[in-house]
Amino acid sequence: MKLPRWFHQLGSPPYVYRLAERLSPWLGWSGCLLIAVGALWGLFGAPPDFRQGEVYRIIYIHPQTSYVGMMAYVVMAVAGAVGFIWRIKLAHAVAVSAAPIGASFVLCSLITGAIWGRPTWGTYWEWGDPRIMSQTLLLFLFLGYLALRASFEDRDKADRVSAILAVVGVVNIPIIHYSVEWWNSLHQGPSITRLDEPAIHASMLVPFLIMVAGFTFFFYWLLLNRLQGEIVERERDARWVQELVSGGRP
Amino acid sequence: MGAFRAIVLRDLRVAFRRWSEVANPFVFFAVVVALFPLSLSPSAPELRSIGVGVVWIAALLSSLLALDGLFRNDAEDGSLEQLLLSPVPFGVTVLAKIAAHWLVSVLPLVLLVPLSALSFRLPASGLPTLAFALLLATPSLSVLLALGAALTVSLKRGGAIIGLLILPLAAPLLIFGTRATDFALHGEPVAGPLYLLAAMAAAAVSLGPPAVAAALKVGLE
Amino acid sequence: MGAFRAIVLRDLRVAFRRWSEVANPFVFFAVVVALFPLSLSPSAPELRSIGVGVVWIAALLSSLLALDGLFRNDAEDGSLEQLLLSPVPFGVTVLAKIAAHWLVSVLPLVLLVPLSALSFRLPASGLPTLAFALLLATPSLSVLLALGAALTVSLKRGGAIIGLLILPLAAPLLIFGTRATDFALHGEPVAGPLYLLAAMAAAAVSLGPPAVAAALKVGLE
Amino acid sequence: MLQTSAVLRGESLEVWRGERCLFEGLDFELASGGLAVVVGPNGAGKTTLLRTLAGLAPPTAGRATWGGTDVRSLSPDARGQIAYRGHLDALKRELTVVENLEFYRALAPRAAPLEPLLDELALAHVADVRARYLSAGQRRRTGLAALRLAGAKLWLLDEPTTNLDAAGRQLLADWVRRHLDEGGLAVIATHQPDLFAGRPAVVIEL
Amino acid sequence: MLQTSAVLRGESLEVWRGERCLFEGLDFELASGGLAVVVGPNGAGKTTLLRTLAGLAPPTAGRATWGGTDVRSLSPDARGQIAYRGHLDALKRELTVVENLEFYRALAPRAAPLEPLLDELALAHVADVRARYLSAGQRRRTGLAALRLAGAKLWLLDEPTTNLDAAGRQLLADWVRRHLDEGGLAVIATHQPDLFAGRPAVVIEL
């Protein structure tokens, strides 16, 4: 299969390392900025919800963490697939870096959700609620992925085996998303991610979306940082890394 | 096709020669299903409402028990290498082994359904659906478990980690299966979830083997 | 005693080759527990009523999962012969291996009791009893299963058959265990069943190992 | 070259294990009727090399080709031309000798008849004994029977003489000679190269 | 006789397997410093005999005694004087070479130090590699190290040269010689008896 040049460039560790080095500050700062703006706007700018009052403002944290958690899994799976098919070690590096971050975001989603559940559903946790369960299983998938990696000592093997698991696990993502429609869940249906016009007022929607963007940038910032570490770890014998640690530029 | 038959037959033979291990999962299933009611303060309606779920989980877990030797035995005595090198497409081999595993250690569970119904006082009306749903769900389950076994084939006994990897993926099966059965018990139409299970089975059986084969190849290196 | 420690440590090492693997039983248990509510129509009282049973089944399951390799691995790689021929009394060896199995497969569950109780909304009052009952019942369970494993290691048909009967023998343990916990949950006196469990444990741990050792010797011939 | 279909070639093969390089820049070519003997101390990499040639493990660098195509991506029937026998006997301990061999016959494209083989290998009297009860040498002999059944063109044998008695070793040597005379190829890793000293051979020293 | 403590005796040993009698009326006596070489074609019963002498399997008739007492009913420390190494290496694949050997040291009554052994066996560079990654010969060498660690008086070795390279076989032969010189006993089943031809030996032909 013929691949474009940039694709091969993306296979070269030093190139990607430098790329990451250049991108990550932009991502980091813009992410923080967006989050700050979105948070302030959401907490003070946006009007209180006529039903939930002030509690609803968790909507500026919870969905975002949830989205990003799911996105992180997709990133991991896609990277894994690319690495497996074209035997690109770097893709595997991306997948590995994404896993713990994604897990943490999913955890945040669970926690914020639980906190939100107390006032709205009258319970922190509801076993058997499909949305909660499917999201929890997503967390388990991340953990399983990490556990599987941990039990191989040959990294190359670990890469390719865990990639297969990641790809298969993708089926869970649509289940999470549609769980609220397929089963009668306590969780409300899609109010923002709806194809027709969103069921929430613009004054709430804008900060919501700002937060989404902010969290997404934030995620990729973390990803790039971990990726850099992972690359150095994997290439520690390579000359450019030696130069790097000895102060030189790759 | 001849190879497919040969592999299935071989695995069946091996299984029946070491049947004491093969039988263990069923004993586990029986014990769970028989004992569970005892662990409750018995009251028929409640029993019934949880019975379905327990049967499904017992089925899931006991097939997990049956699984460990699926590929590891062949890997350790070297015959998996030979299968990989043989002119038979490896996907076919994998499918054959999964089929054998399903025949030996999953299919019989369906036969134990009446027993379970008995111990949970399920109305007879639900049984056919329960059995049918199990029939539809278990192939996908076998494929999933096979995947877990393949992922861990180069490790020591898989056991817990396989469960850790696969049970999350198996959850949908569990959900739809129990729903179908619940519907049946309450006389509602069951077509919906059953179709879903069938679809999953089709997907698993068609997409699964290549993934399993890939995992095994990596594992054998 | 040095030998005892050496054997236990070795088996633990094999089970948890890497420290990360120590986490597996816990996560696995969490997954299993998570499955139950998934398969039930959720409502608090029911959950509570099954919670106890679930914990006990999880205990049984994970012992069975860890059990698979208990003696067969050693028998197949020849190290069981070496242990049998070593100056260490074989009964001690067996006891050490059983102890290791218990540490690997059951202890984690006891530590997880609070979690499971939480997820099933069991009243805190029941927890100590649940944990205590598990601590009392599971050693006997391990011994029983070890006996089953030893018998199935034997190449002789008879052994295999008896091996099958072992699992059902575990039933009384589970029953008394759940009893005790139920009593505790309903504030009734729990001494009775607990004493019974303790007695069984004493009997199993004292009488079990010689039996297991004998079975293994026959199996290795 | 002519008839590339039956040529095994190693092209600057290199394999690392752990931190150690087992071999690198390994080039060789084996044509129809050719024999290669792999020698070297324990842990030198003989088994690894054979597994690489069989396509079981990818080399760190370089490639091995059979009939011009990489051994990792052979067509099914091209794979059918290669037979690999390693340290393991690949027998199901629960099955009898005959059951085991019948299985491998079912997998082979053009299978040879069984009985004469069993007689030749002095396995006839244990034909219906389960593999688990066989002696080490009998197990090895059964493995060799499976090798013959595969009717492959290229034999990759890893210490085939292990556990064999004098007669068995002699028989094996004869087989190899005949196989080569019939235009077959053989790569043999062994600690007793003299057994195959009979004819010119590529010696791969690791 | 004097010092019966170190005498291995087979008294009209007879063993049946399946329908076949592997050997019967087998009598022999081995005193301190004595070597017995067991030879015979594949499936003759060498392994069975060694397992019988080790007390792992009961003979159909007759009995084997060590220091006058039946090998099936030895006291623990009498058992500690006997070391058996069969076709299997008795290594845990998940454990490293050192971990495996340390374990066997912990079982042995009077254990020898480890490092010199590893050097002698050329295992030092794989000391921390898991047994599953070892080459066949390295595994066998580790098994031999365990044999030495046991510090036993009677060695029962079943084809100890399997998978060993020339150097390894030589080393083993030296070990046996030294062991015998130090008053030890050895019963060795092998297909290469010439390796131990150095000294007078009871040859048990099966």
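To keep things simple, chains are lettered A, B, C, D and E as they appear, and every chain counts its residues starting from 1.
Assume contacts are C-beta pairs under 8 Å (C-beta built on N, C-alpha and C of every residue); 3 or more make two chains touch, one makes a residue touch a chain.
All values reported here derive from a predicted model rather than from experimental measurement.
Enquirer: Farthest chain from subunit A, comparing Cα centres?
Expert: Following the centroid criterion, the farthest chain would be E.
Enquirer: When the centre of a chain is set as the mean of its C-alpha atoms, what distance in Å lies between subunit A and subunit E?
Expert: 59
Enquirer: I'd like the Å distance between the centres of subunit D and subunit E, where a centre is the mean of that chain's Cα atoms.
Expert: Using C-alpha averages as centres, the distance is 30 Å.
Enquirer: CA centre of subunit C versus CA centre of subunit E: separation in Å?
Expert: The mean C-alpha positions of subunit C and subunit E differ by 37 Å.
Enquirer: Using mean CA coordinates as chain centres, what's the gap between subunit B and subunit E in Å?
Expert: 45
Enquirer: Among the residues of subunit B, pick out those that touch two or more other chains and give their numbers.
Expert: Each of 156, 161, 164, 167-168, 171, 175, 221 in subunit B touches at least two other chains.
Enquirer: Hunt down the residues of subunit A that sit against at least two other chains at once, touch-wise.
Expert: Within subunit A, the residues that touch at least two other chains are 133, 137, 140, 143-144, 147, 151.
Enquirer: Check each residue of subunit E and list the ones that touch at least two other chains.
Expert: 87, 93-94
Enquirer: Applying that definition of touch, give me each pair of chains that meets it.
Expert: Here the touching chain pairs work out to A-B, A-C, B-C, B-D, C-E, D-E.
Enquirer: Which subunit D residues qualify as touching subunit B in the complex?
Expert: My answer: residues 54-58, 76-77, 79-80, 82-84, 86-95, 99, 103-104, 106-109, 130, 146.
Enquirer: Where on subunit C does subunit E make contact in their complex?
Expert: 2-3, 5-6, 10, 13-14, 17, 76-79, 81-89, 220-221
Enquirer: Would you mind writing out the residues of subunit D in touch with subunit E in their complex?
Expert: 17-18, 20, 40-44, 46-47, 87, 122, 125-126, 129, 133-138, 140-141, 159, 162-168, 191
Enquirer: With touch defined as at the start, can you tell me which subunit A residues reach subunit B in the complex?
Expert: Interface residues on the subunit A side: 84, 130, 133-134, 137-138, 140-141, 143-144, 147-148, 151-152, 157, 160-161, 164-165, 167-169, 171-172, 175, 183.
Enquirer: Along subunit B, where are the residues that touch subunit C in the complex?
Expert: Residues 19-21, 23-24, 27-28, 30-32, 34-36, 38-41, 46, 49-50, 52-54, 56-57, 60-61, 64-65, 68, 156-157, 159-161, 163-164, 167-168, 171, 174-175, 177-178, 182 of subunit B touch subunit C in their complex.
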